[in-house]
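Worksheet: the structure to be examined is printed underneath.
Labels for the chains are A, B and C, by order of writing; each one numbers its residues from 1.
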Amino acid sequence: MPRSAFLDLARPSRRHWLGYLLLAPAVLLIALIIVYPLFVSVDLSFQNVNIARLDQPRRPFTTANYERLFASEDFWNACWVTFKLVTIVSFFCFLLGLGTALLVNNRFKGQALARLLVALPWAIPEVIAVVIFAWLFDSSFGLMNWLFIKVGLVDQTINWFSSPDAAFAVVCTVMVWKGYPFVSIMMLAGLQSIPEDFYNAAKVDGARAWQRLIHITIPSLMPVIGVTLVLVMLWVFRDFSIIYVLTGGGPLKATQSLSIMTYEQAFGFFKMGYASAIGVITLIVCVIASRLMIARAPDNI
Amino acid sequence: MAGIRIDSVTKSYGGLTVLKAFSLDIADGEFVVLVGPSGCGKSTMLKILAGLEEASSGTIAIGERDVTDLAPGDRDIAMVFQNYALYPHLTVARNMGFGLKMRGTDAAEIDRRVNEAAKILGIGHLLERRPRALSGGQRQRVALGRAIVREPQAFLMDEPLSNLDAKLRVHTRAEISALHKRLRVTTIYVTHDQTEAMTMADRIVIMKDGVIQQIASPDVMFREPANLFVAGFIGSPGMNFLKTKAQAVGGGVTAKLFGHDVKLPIANAAALAGREIVVGLRPEHIAAGAGQVSFTVTPRLIESLGSEQYVYVDLPEEHRRDAGSGGEDESRRTSLIARLINPEPRPPEATLTLSFDPARLHVFDAASGEAIR
Amino acid sequence: MKRKTTRHALLYAGVVLTCAILVFPIYWLVVTALSEPSLLRQLPPSFWPSEPRWGVFGQIMAEKPILLWLGNSALAAIGAVSLSMVVSVLAGYSLSRFRVRGGQSLGLFILTAKMLPATLLVIPLFGIFRNLELIGSLWSIILAHATLIIPFTTWMLKGYFDTIPRELEHAAMVDGCSPLGAMVRVILPVSAPGLAATALYGFVLSWSDYAYARTFLTNAQGNWTANLGITTMKGEYISNWSDISAASILVALPILAIYLVLERYLVGGLTAGAEK
């Protein structure tokens, strides 16, 4: 079958063209729906715009959004809330994720089922998780209030969503429940890549179970732990659905993270220029964090 | 079937040249083995020949056709890979018939040829299985079968035996040789194993660092290695090398070996006198007991294989070559191995008299490593 | 011997207890859905309704446009996954097999794109889609979800293609395939499990989205996705947890089903997508 020599990508000298050809659709699409919007976003953050209108001429350049932002108490409050959330949720996600992973990594009958169950919350959409916990923490008939009174932790029902601290605690609970399965899955993958011989050698050397955990398991998991930690922190940092549907950022902005504040400013108050400025700040944090992760990734590209 | 002409093919990645001016004429029906240590460029050459990689410069012709920039599928060649590369989603029969199908051969003809090839290789009963249900040896046969059914101008084989266990490797080696005798298809076979090269090849091309070291038949390669590298690579265990100095004596040249002045088997003696040389002596050319040149040693280690014995001896300091001169490992530089056939049992650590025939010595220039004859 | 038995019993107790606590919220969702609304206002609560009202699912489907919402979610997910898979398969294959100038930077960018907050992109996308008059249409969601999915699927697929020996394409090309033919006839069929797992993962990402749907579809009731529908139910029926729970189960079911299928691949897929 004669082929045109020029277009014949099977020829050794033409084959690398195919590499570019295959990348082209992705590059084009990514440029259109990710790169271009990112530019628009940065551009908006330097304009005094309320509703983003691309068909209108560009407003004059201004740094007013950023000046207002850094002077705003709400912004620093949102930073503090976000920081607390990231720290607390990541910590408990790790505790629970690593714990469950170590637990179901033991060999026992029904291990497959246990592994399935332990990571099950992964399969619950965030919005549904919120529905579940909103009902569990319902102030009048929620199971948690009943349980807390029954156990004697409190003597009257708590109105979970009108107390700043309580609402924050509920947000953390939902996020931990939704987030730990990812840690668990990653840790299990990590655990399974530790050669059995390490443990056998340690056993021969007389290491106890907890010594094996400290001296073999944790160090071997370190690379996976690093990557997972960054991913979990970024997830908490970015998360919108859980907080927005559960509390909307309230009460008294006690759960208003940077993501929520961005969204509120953009679509609640229609201050998209200002919102973009917050978004750009979050973008910078995300980029730095992901670069850190890439640098630490076990087998880099 | 056709001959292959490779003319000064070069391959470089950026600044790194992995193949330097490779030229080779292969006769129709010839079995040529490219051999060398890993990274010597032999696999790259094979991929360029197959059209899987682009040559940086040079030309390749199969038959009378210039195929330098032709697609692999248009070159009329078949290839056998180290990991067999069988299509996991296709049955054995479809694996073997895939190439014919791609060329639009009709189904009945494909069936006929697949069955014929399967009969030759004794895999008729496997035709409906998937590759993952086969043993390593069976997969290897299917890979050969896939090459055979195409009835190509040439077979290219890239270390096809290295994934087999030792016993099966020897067996399959003989089978490939037999297959070649039967089909007489030009074959280019790449391996790092000098035994495979010696047993299968009509001609061996030995390579190092992207450069051809010698092209010769196995016998010539063994008897007249072109340089130190070839001499050390071919043969098992490899040749022993002793550093020494050539001295002119009368019409000939001698060198001091183990305290004796030994006459070297060299025609052009005059130019050599006073130069640093390396003398090579194959382990199997050393005999136990006194002979023409005898020396007494205390073996460091004796390995007995029943029918033969390997005697390891520390080389005297004056015969050791400089570190890093040959690129082989340290122990070969500092020791001498004697391979004794049908040996008597002997206690280790007793002294032992060994001897050799000076006519068997190989002489190399110490600086360039080239053979001197 | 005795110590071993004790340890085993402890292990089992630990596993059962942990699973029970962690899965309890899901169990409670089911109990709530199956209980009469009046029953839910009784204390102490009952941990399994005496008369489970299995008809609740049919009833809720009749009362609320749940099927429409599920259909919209499915359309959006299928659209976004199809679009993403086409470009990701090609790009992932290219990144895995070809040394393309700028390929490494592109890979890094895609990796970073995985970490982008939706709340950042949603603003410019809102402006762009308004300009294109896509607000309220499922197309806005399909394109927005593609921004979520493409970075994930491209990396997962690149990782999967990396595990397939190059010799397979080489064999196919020697057998007469063009490079594209080798990919279509050999590599893609061989990658079927990886393609399926990746597509399902993309489906999960799209199905779980709330931010984009909330922003682009709120004023277009006919195009509401399941998650958006559920949250509006939560807003209006503050007391009818039973119905919301029933609807929530219907929304979670596809993802749960995918999870059961995918669980084995998930470990490999998530880690490949994450580490690289």
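Everything below uses one rule, namely that a residue touches a chain if its C-beta (ideal position, glycine included) is under 8 Å from a C-beta of that chain, and two chains touch if they have at least 3 such contacts.
As the structure is a computational prediction, the values presented were derived from the model and not from experiment.
Participant: Please classify the inter-chain touch graph. Allowed labels: line, ring, star, complete, other.
Facilitator: Contact map by chain: complete.
Participant: Which chain has its C-alpha centroid at the greatest distance from the C-alpha centroid of chain A?
Facilitator: Most remote chain from chain A, centroid-wise, comes out as B.
Participant: Averaging only over C-alpha atoms, locate the centres of chain B and chain C and give their separation in whole Å.
Facilitator: Here the centre of chain C sits 55 Å away from the centre of chain B.
Participant: Just curious, how far off is chain C from chain A if you go by their C-alpha centres, in Å?
Facilitator: From the centre of chain A to the centre of chain C is 15 Å.
Participant: Out of chain C, which residues touch more than one other chain, so two or more?
Facilitator: Residue numbers touching two or more other chains: 173, 177-178.
Participant: Among all residues of chain B, which ones touch two or more of the remaining chains?
Facilitator: 51-52, 71-74
Participant: Return the residues of chain A touching two or more other chains; collapse runs of consecutive numbers into ranges.
Facilitator: Chain A, residues with two or more chain partners: 8, 10, 15.
Participant: Once bound in the complex, which stretches of chain C touch chain B?
Facilitator: 165, 167-168, 170-178, 181, 186, 189-190, 192
Participant: Note which residues of chain B are touching chain C in the complex, please.
Facilitator: Touching chain C from chain B are residues 47, 50-52, 71-74, 77-79, 81-83, 85-89, 98-99, 102-103, 146, 150, 156.
Participant: Which of the residues in chain B end up touching chain A in this complex?
Facilitator: Residues 48, 51-55, 69-74, 104.
Participant: State the interface residues of chain C toward chain A in the complex, per the touch definition above.
Facilitator: Residues in contact with chain A: 8, 11-12, 14-15, 18-19, 22-23, 25-26, 28-29, 32, 40-41, 43-45, 83, 86-88, 90-91, 93-95, 97-100, 103-104, 106-128, 130-131, 143-144, 146-147, 150, 154, 173, 177-180, 204, 207-211, 214-215, 227, 230-231, 234, 241, 244-245, 248, 251-252, 255-256, 258-260, 263, 266-268, 270-271, 274-276.
Participant: Show which residues of chain A lie in contact with chain B when the two form their complex.
Facilitator: 1, 3, 8, 10-13, 15
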